[in-house]
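These notes open a run of structures that come right after.
Shared between the two complexes below is subunit A, which has subunit B as its partner in the first and subunit C in the second.
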Partner chain A sequence: MAAPISESLISLLRCYCKSFRCYPIRTHCRRYCTNSLSKTGREQPRARDPLPIFLKDEVQRLLYRINSFDISKICAPQKVPSRKPHYELLTDTQLQKKQEEAVERAQTRLQMPPVMRVREEVNPVLSQDPELAGLMDAKLVCVDITYGISDRKRHVVVRDLDGTLRHGTGEERDRINQIYNPKPGRQMFTPRIFEPENLEAVLDKGWYAYVLDWACLQFEPDQPEYIRVTQRTYEHVGENKKFDDLRSTRHFGPMAFYFAWHKSLEPLLMDMVQRDLLSDGSDLVHLFTIIHPDSETCQRIRGVDDDLQTIKIFCETETSHSYKGQLQLTIQAYEDAQNLHVDAA
Partner chain B sequence: MPSLPTKSTRLMVRLARYGCTNRPFYHIVVIPNRSPRNGRIIEQLGTYDPMPNMNNERLLSINFERLRKRIADGVFMSKPVEQLVGLAGFYPIHPMSYIKAERQRNKLDTKQKKDETAEES
Partner chain C sequence: MTSICLRFFPRTFAGILATESSALLWNVNCLAWRHTQLLAPTVCGTSHVQTRNYSFFTKLTANEIWQGVSGVSNAGRKRGRGKRGSGRRQVDLNRGQVHGEGRGGMVWPGLNAPVMKGRELVKIRKEAPNQQRIEELQKLRDKSSKFRQSKIPALQRGWTGAKFPGRSIGPPDPIGDYKFDGFDTRILEFKMVTNMTGNLGRKQKFSCFVVTGNQKGLAGYALGKAPNARAAMRKARNRAGQVLHYIERYEDHTVFHNFHTKERQTSIFVKKKEKGFGVVCHRALKTICEVIGIDDLYCQVEGSTKNIQNLTKAFFAGLINQETHQELADRLKLNVVEFRKETDFVPRIVASPTCEARDTLEKDENLDFENLYYGGKLEYYKKKPAPFYKKLPCYKWKQVSMHKSRNQRSAQLQRLALGIEPSNKSLEQ
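Up next is the complex of A and B:
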């Protein structure tokens, strides 16, 4: 249809998405591999790995639920090459089927990029051969281009100038993979937009989804640059309270997860209370308790059903001193507004 | 009547030069022994770029799955390919690699000594 989507259609789709919210939405999305990544953790004093927690079904369900499903935003007009309009004559059932397909397509657009920690740099030396020193004036990089190997499992070995044979570093692997197995849209050299000073300029303009989409395309989720860029973007969003810009995009879940992980949920929680999204707020608190199971909130929240009560408990136990007053005021304002509403009725 | 030399038809893995003037680029190919250098190939196994790139690396790519299969079928390798595959850690290091390395080191040593004596005098 060339005409803009009518109001009735949008409301119909909203009904759909409400019904979808009852079921695990992940069934519509490509599943990320969980085996090879989360189970290779070596017992070393590294930062805690967020990936196994992020991939828990419970966490995924919460994250999809707090991300609103605004189809007019997900399927907003995009710049595409011009083409002729396509008309179809459909019966009611066919139309309904088409609409369901459209909703499923929109769901796939909300698939969240995984939250991972920075990859480990282990470069075991395969062999040392000092007899070979002086043979070459440049390193020799050998890639296994066997068909059907994933980029993560591909062997990349390097013969150094002193005759050492070792596995390629992460940076080398990224470069070589992009040469021999290029990803469409990914650039050979890191775009200058991701340099810290340029990134600040773009973030100040408020192009959050643009930066995050591009970072998803350009980097692997455990690449140090990806983690730096996304975390800086989330922080910028938090500082400027522009959470609504990321709603109905695939980045809202990872952002909420980031704030919960680093115990700085308060701005996001205040935003949710102000927008009358109490169920989302309590979901967020539940997410916090899953990530930090030994926190005080976790014990006190057990058996509490009411959304507002949950948020209040979080406010009492976890909120830092600087935010406590603000969050309490926000909750107070919300309650006053509710009471006014009841009185007027 | 003199007998004709036997023309063996065994298969080789060897380098076929592509690229252009002053810019060599090689395909690693499976090809009958007696075919011309860039003749009709049976299979391409990989590539080799002998010119160092901006990170001072020479890039060698090989489909090791197919190479294993070809080796199992009894293919022969040319010396440059054997040396490359040795440096990549797939084969033992070719003896010629060690000899070349030693010659290169000796060359550098004599050059250094010459420079030193030139400076002293």
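Up next is the complex of A and C:
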């Protein structure tokens, strides 16, 4: 880990960040391929892989559904070089077509980054040549730069100083890929914003979407750094109940998935009930049952159609002791408000 | 003895004899002379001869003497000399001096001190002299001798130097109960005009052309003439307050559309601009925009740019004849839609027709919003020529040498931010 930033560097950092902020993230909205990203043949005792579940059609459908689609937020004014607006005189059909195009463009922005586990570090040794030891004073890296190969499949082979020939580690691959096939907006070295103490400072300011956007741009989704940064951000959002900040961004789905995966749905569920988003809440419970098919909720909500009922069942079966009362109170408050509304009507 | 005196001081006596202009002096001198003549041979062996030196100091007034030193002769004046005044100004030496007070610090009862103090009679006495008196006097003299121009704050000055055009002269005077709150009047043109009359000959007047407005779309312009400047300004300002027009602005910051407007030989192309662009145009138009409350605009003036009155007339006429987006939508029965880069070109309906929108467009219908109101006219756009040095070989070589160091600064900043800049290790500590 790098040394903490000294006072004298702060101004330089600001200057640098100013020149870099806002522009690259918006302009380079990163696209992910939709099929399975990494499948290593070896099956080792590792943590459960969230990716296959995340990529299920049902899960994707639920995640897209719980994320609201507010085009004014997705396409909120961004800092761009000053430019004159242009005006068009359109018939109703032309206008409708233009609006549909804009919605389509906005929808591509909402593509969710895949939720993956930390990548496996396997660097099989290709050959041991002790006679080459001491021949050079730096490692030799050989890269396959054939046009059209994806970065994940590219061959990167390293000759160590002691003469060992092996495949490159994940870190080496990232670096070499960025040199030969640079991604726009990605930096050679990890920006210091992602260092834990700086990250906390940024999260305290509430720049959640900003951090997550930049993380998507800077890291691969299975990079340990990416997983650390995103998970910490989700936790911070959960602690401060700022779920609405991530609505209508590409990060709402992965965040909900994270909470469901780690069985800490209650704050998000409460937020949804409070905002009168019961169908979203019930979708979230369904997502929970897909991720945890062995849970009691899964058995009990089968055949239940009512959204509120679904949430109530979740509250009874899954909620941890500390949250149970709060969630029940929230549901109660919601019901009271509904009754009042009905009475008034 | 008289003869001796005469022999010793012949010039002095001649001087005294010639001092005829001052009757008093003459009398005194004559008396003195006669006195010495009478007394000299009889009373004693020595004689007291009083002399009066003659010079122009005694003959001319202070003003006349000063004129002689620093002024210009009548002939010189006709040739145009001394127009800007002399370097030094006349100093009034009496200024700051109090009667009876001097260097010695004497107390003269009745002159610079009261006669009685309590029940005691104040005596003539000497006190310690005031040391600062001379310095204070000198300060006063310096103050009056140097020319001091009253300083106008930079933002209240006009377009140029000490001239009037561009300057603010406040709101028009209230009419009855109506006070022109929030109004500001700016001078656009200020000049002297002459008229030949049979009786008076060349009769001169001041002509003042002003624009007044409340920065919220209400504005008017007027011309005022009067024999003196202040009156001309007041007249123009108050007239402008009586001919106010309401000018529609798009989102309170710019015009609704590009347009062309013309008055005599002055034609203006006005362009709608985005927020933050600023007012980029002729200085008179800029002042008008400030008064109306238009923040973003681009204007190109063609033809006569110096006729401020026609320029103003043309600009106001153009602004008043604008068509709002709603009017346009109703006229063409089409939606007026705005696209902005910063919102990723999401269509924003600015106006839709109040009646039903039509669904077909005519062939070759001009719907280009940019040129909709130019009336077929085109702005004269002259491409800026490339600077001469771009053709020189040294420029090419400079480009080559700069090619090596491109992006170095930003890379260095990035390294500094990451703490891996080798040249700045000292900063890290």
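Rule of thumb we're sticking to: the second predicted complex is superposed on the first by the 306 of 345 C-alpha atoms of A that agree within 3 Å, B and C clash if a C-alpha of one lies under 4 Å from a C-alpha of the other, contacts with A are read in each partner's own complex, and residues count from 1 in each chain.
Convention: a contact is a pair of C-beta atoms (placed from the backbone, for glycine too) under 8 Å apart; a residue touches a chain by one contact, two chains touch by 3 or more.
Predicted, not measured: the structure shown is a model, and the values here were computed from it.
Once chain A of one complex is fitted onto chain A of the other, the partner contacts of A:D129 are limited to subunit B, with no touch recorded for subunit C.
In the superposition on chain A, no contact is made by A:E200 with either subunit B or subunit C.
Looking at the shared chain after the overlay, A:P77 reaches subunit C, while subunit B stays out of its contact range. Counting residues of subunit A touched by each partner, subunit B versus subunit C, the larger count belongs to C. By the touch criterion defined above, A:D244 reaches neither subunit B nor subunit C. Touch criterion met: A:H86 reaches subunit C, while subunit B stays clear of it. Touching of subunit A by both subunit B and subunit C, each in its own complex, is seen for no residue at all.
Across the interface of their complex, subunit A is touched by residues 46, 52, 55-66, 84, 87-90, 93, 97-98, 100-102, 104-105, 108 of subunit B. Per the touch definition, subunit A reaches subunit B in the complex via residues 126-127, 129, 131-147, 155, 157-159, 163, 165, 175-176, 179-180. Looking at the complex, you find that subunit C touches subunit A at residues 272-274, 276-277, 328, 332, 334-347, 349-350, 357-361, 367, 369-370, 410, 413-414, 416-420, 427-429.
Residues of subunit A that touch subunit C in their complex: 2-3, 5-6, 8-9, 12-13, 15-17, 19, 71-72, 75-80, 82-93, 95, 98-99, 102, 105-106, 187, 189, 191-192.
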